[in-house]
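What follows is a pair of complexes built around subunit A, which joins subunit B in one and subunit C in the other.
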Partner chain A sequence: MASTSISSLPLFARLWSALFVILFPVLGLLGVFMRLFQSEMLPDIEPSWFYAAMTLHGLGLVGLVYATSFALLITRLSQYVAFRPSMLYVSTGLTGIGVILLVVLFLVRFGPGWYFLYPLPFKSAGVWPEWAPHVFLVALTVLGVAWLLWKLETLRAMAKSFKFSTMLGWHVLAGKAEPSVPPAVLVATICCIAGIIALSAAVVMLVFFYYTLLTGNAADALLVKNLTFFFGHVLINLAMYQGIGVLYDVFPTYTRHQWPMTKPMAIAWNLVLLLVLFAYFHHLYMDFAQPVAVQIIGQAASYGTAIPAAVVTILGTLAHVYRRRVEWNWSSLLLFFGTMGWAVGGTAAVIDSTVAANFRFHNTLWVPAHFHTYLLAGIVLIILGGIAHFVSRAREYTLRPARLPISLLLIGAYGFVTMFYIGGLTSVPRRYAIYPIEVAHGSTLAQVALVFVALIMVGVAVYLWDVGRLLFLPSKRSS
Partner chain B sequence: MGRWATAVFAFQALVIAQAANSLIPPSESSLLYERIPPCRISTVQGDTIFVERLSAQQPVVLTFVFARCVGACSPMLASLAAATEWLEESSSPASVIVASFDSSDTPSSLSWMADAYRDRRRWIIGTVVEPERRSLLRTLQFNYMLSTSGPTLFDHPSVVYVIGQGKVVRVILGYVLTQKALKAAIEQARGELIPAYPLPDPRIPFRCVEYDPQSQTVEYGWGIVVLGSPLVIGSLICFIVVLLSSMHSSTHSETSYVRRPPDLSNPHACSGESQS
Partner chain C sequence: MQTQILAFIVWGTLALAVVGTYFFFLLSTRQPLEGEDYYRAVGKLRKPLLIAMLIVLSLTFGFTIGSLPYATSRDLPDRVIYVGVKQFSFLLSSQPLVSEVQMDTLGGELIEIPANSRVEFRVRSFDVNHGFGIFAPSGELVAQTQAMPGYVNRLIVTLPKEGTYSVLCLEYCGIAHHGMRASFNVFSPVTGSTQ
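For the complex of A and B:
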């Protein structure tokens, strides 16, 4: 199979960028629907639609963010290694099939939530048809295969050009400056290894789901929950890390200051590989049947993953802009604020991963608060910044600073998540379509959140007009 | 003749099926946090106790017996007495209600029980006032039927309900009761967090945690090993991919790792796509 040249990859990046700018607003609107529902503005709609929307909104956006950040990272990596395009497009096609199946499931109100905790998909309570769990498992299988192929192809492509120890920056740890390896390769290697392990967990998890589906016998709910978070938690973290890989490669373009692989960076990312696989235990603090040791590991690993992120990436980004003439535009601003959003959301996540705090915040709105912070105000901004960079380079288009729309995006995003944080602090539970009288103020918070959503929508609309539409214009070469 | 035999057989089968159905023991999973209906107990001492009000103030352990029982009632009450002995010395309030489910029983017909357990200060023995008896038994899924062993005897489950704040917090089946189980249930009724472990189901493969009901101990099962398997499988896959790719690679050298280092002096050169 022939390896790709650089010229064949832009189509791949363009495809995923286009998918992101179309699907992000659409899936985001499902979130708006949910907040409208919680605001009691849609009294005539069945609550089951809320849960179906919650499932597609969560699964869809996590999948979209993960896939797009990886596609952008692959695009950046194509400078250094050769990919086989057929593998990339097969994965893309399979992802498309998986997404179509999830949309079909939404239409029949399949709503076990985006965690789809075992055995919820099998407990329809008369809402979704009997075939829905079958289709759901097929969708998960297809998506799992697609993303596993992607990871394997990326690891193969890198291993063909780099020694494994070099990919992991071990030569830097040994004090050697040469060969120089771009940090994006290090990040991609970590993401591939952790991703393949996480997707292996998904395979084992699916075996138990299929076991129940085919035999009617129950599997151990605690084991399946562990496996679900093993792969789910790692995957969403990798989505973020893949975005950071793009940041390392793109941001220096605007700061005109190199971001080389250094010893602290190599140490940090190797630590991340070790810790990210064990941090997921913080999702199971309430499962008191778990060994106490793993709960301790969960808190320690959660704290541990924050240190490399803060020391290398966040301080690194700040150092890049401190007293430097930075070319601020759509791309650099979004990349910068996306990284800072990751820091803010990460702090809230670390708070929630503390056993003493989790005891209070578990299953309250604090949870969507923190993950919306590092997703909406974090990785989404980084992806939008990456896309803006890609489009501007492909079209030789000068991006404008866009301070006003980015301010709207930021005010909207932080205002939106603040309502979640207040909800969490005042014990408003998550995943409630209708709030009981004890936490009726949750509806008021949802109403206020909608005002901030409007600001986000204006910011996104301006982005789509300024940047997004360029993706759909005919290419310059053909014109 | 054949038709009659079939009809009789079918009728018998129906009766047996109905009998079996009427003796289904209460299900804890469906009763959990079920609010008990308002009901009164006429005690052997002549008092009237409002169960719902009492449970709002303190945990209530409730069990049903009948006065003429020659089966499980006596051993169950003996077991309950042993399992709740610690309550007598406890400073925290809690009550044990032994109520008759038989409508023909009167408080005086239960006096032998009161005599047998007169040293139990926290016990309340009596009958449930009609018509509240029916709704209480229905709510608590307490099913019984006339026994085949005697005309005035009943087949009934041995069951203990632990009630807190007017709601069922635990249902313990069987006439052998342990202090540990009852103590945990009473503490749960007080609002304390008590871990609950499901009984082992032999059909569930690879459980993370195995619970032995005999010794009431928890052990870690093969599920923990399965949980570690993705780490091994994934690492092995990575190793094989890297190994195979390295074997087929001819580009590895100490100086040619980066094919196209980004030219930071030219922002356009940083993106591969612009060079196409």
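For the complex of A and C:
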């Protein structure tokens, strides 16, 4: 079934890879700006710029990793199923419009945060203009539509080649080996279903915002917060899961060992679909008005999500390499270590999803600590590894085993997040442009973090030279 | 032990174990053995890992789920402190505070709480979401709840240490989020001193 070509969508893959290698460093620089600000090295700049940068950095990077991991997954899927490229480009174009609007909003210092709680976008305390929330809602609507279409097209394309129950691996659960369905199809199916549910919740959330905008009446803040986090939580987790789909499909090329769909894998991903929808309650533990039963379900579901991840994907990755002649290079090493970031960050997430711990950690730097671990040291590495694989195949280029730059990336990323963890340990709040006297040590942590960020920057620069550059050279094959 | 320290130690230990495991497997590829089905061999660890995780997670769940911070309607505190929050200030009052105008009319008040008494903070917001985070004199975050428009959050705590506690905002609420603050004193009912 699998063809040998890496993709029947070479241009699409190249477009998203190029977007990623440009936008990831640019949006990362906004993070550097925030750390500089928290270090008190930019005393003449207004805090409103910090919060605007925080918003664009958060929304931009979450959106970027979500979209790029999905684009790479689609590129892999296109070996097995036929997409209508026009649909993919429509989604890509709409995403572009949404992103341009977000950048415009940054310029007027629009800063409600990446997860924005009702009704903050309407209550700027004089910072951003009155039209900003209108534009923001339009931008989010455009992005929502783009990504909904994208997921629907993917489901359609897969359903043409596979029966729905086999896409979910139910035949494997029933003990049948045939038909053989690539794990990437299973993962994509789970991500499409969860994604469509989450994006629908986002639509309802936007309706509440539009309602207030048009009628001036207030909506229920707790209900909207539930919708916001349901959407945000699922979205950020899907970004990781989509990357795992890419991992299943690409990693075996370097270990020379099949990664077929097995019963544990099918069980795991069906479970993930269920658990990811209920774990989001952990974001509302400190809303004491939320029913207690729901808080308990949140802790149980959050603990539950750790199991399929560890038992199937993490263990599977390790089993793949054990005493095997693995071809270690930019791609395989980044994919391998990307799953490590997922494991380390996931552990911190499970701790924080314990209500009793959340009482002390909620909205402290523990939160950016755990999500930067599985985003920066996790999914970003997986995406960079996926791009390296794609580039090297498309250009018949042999990747080198870039041990030194990858070491720099790892030391930099783990050192950087460790400063956030220490911030959580010592009660430093997240989302503070300036640290008050009680937590003044927060700015020392920010300074140390900057040293580690410098290491990340060197590692990324070498990657861009070794790998990223190839994306922009004129195409070899078509000439 | 302080919750934060315990959590940090647990995370640090597990993180080092994960990193160690990854490097062990990475280095194992230096001595490849063809022919052997090591994938199977490692795969045999799946069931033990599953069982171990189920046990550890269930035990942790069992031990922690009893200490929920939520007050029930039957919980009767020794005293109630009313908290009003809006962009960008807190007002702590011993008088009932239920409407936004009272934020201006009630005026500031020095709140004194006896150590080890059960005190309820009844938290309301009058505009956007805020957080109500209590920082002990040592700077440690000891308790928090959200302040949400349209809802009342009841936070019941017992504060054993005397001294000046700070209140900081723990939900991003706009441009001066980091500048929101209040404080109160906890005194020893025996000596009557706050120090």
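Worth a mention:
To be clear about the criterion, the second predicted complex is superposed on the first by the 469 of 479 C-alpha atoms of A that agree within 3 Å, B and C clash if a C-alpha of one lies under 4 Å from a C-alpha of the other, contacts with A are read in each partner's own complex, and residues count from 1 in each chain.
By our rule, a contact is a pair of C-beta atoms (placed from the backbone, for glycine too) under 8 Å apart; a residue touches a chain by one contact, two chains touch by 3 or more.
Predicted, not measured: the structure shown is a model, and the values here were computed from it.
On the superposed subunit A, the positions of subunit B and subunit C overlap enough to count as a clash.
In the superposed model, A:Phe288 lies in contact with both subunit B and subunit C.
Once chain A of one complex is fitted onto chain A of the other, the partner contacts of A:Pro179 are limited to subunit B, with no touch recorded for subunit C.
In the superposition on chain A, contact is made by A:Val204 with subunit B only, not with subunit C. Judged by the touch definition given at the top, the superposed model places A:Pro252 against subunit B, while subunit C stays out of reach. Of the two partner chains placed by the overlay, subunit B and subunit C both lie in contact with A:Ala218. By the touch criterion defined above, A:Ser69 lies against neither subunit B nor subunit C after alignment on the C-alpha atoms of chain A. Using the contact criterion defined above for the overlaid structures, shared-chain residue A:Leu315 touches subunit C, although it does not reach subunit B.
Judged by the touch definition given at the top, the superposed model places A:Ala356 against subunit C, while subunit B stays out of reach.
In the superposition on chain A, A:Asn270 makes contact with neither subunit B nor subunit C. Superposing the two complexes on chain A places one region of subunit C into the space of subunit B, and among 23-31, 77-85 or 131-139 that region is 77-85.
The interface of subunit A with subunit B overlaps its interface with subunit C at residues 218, 220, 222, 257, 288-289.
Those residues of subunit B that touch subunit A in the shared complex are 195, 197, 201, 203-209, 218, 220, 223-224, 226-227, 229-231, 233-235, 237-238, 241-242, 244-246, 248-249, 251-252, 254-262, 264-265, 267-268, 270-276. Those residues of subunit A lying in contact with subunit C across their complex are 47-48, 51, 111, 113, 117-120, 123-127, 218, 220-222, 225, 257, 264, 286-289, 292, 295-296, 299-300, 303-304, 306-307, 310-311, 315, 318-326, 328, 336-337, 340, 343-344, 347-348, 350-351, 354-357, 359-364, 366, 421, 424-427, 429, 431-436, 438-439. Taken in their complex, subunit C has these residues touching subunit A: 3-5, 7-8, 10-11, 14-15, 18-19, 21-22, 25-26, 28-29, 31-34, 36, 38-39, 41-43, 45-46, 49-50, 53-54, 57, 60-61, 64-65, 67-71, 87-88, 127-129, 131, 133, 135, 139-146, 148-155, 166, 168-179, 181. The residues of subunit A lying in touch with subunit B in their complex are 6-7, 9-10, 13, 75-76, 78-81, 152, 155-157, 159-164, 166, 178-182, 192-193, 196-201, 203-204, 211, 217-220, 222-223, 226-227, 230-231, 249-250, 252-254, 256-258, 277, 288-291, 327, 389-390, 393-394, 396.
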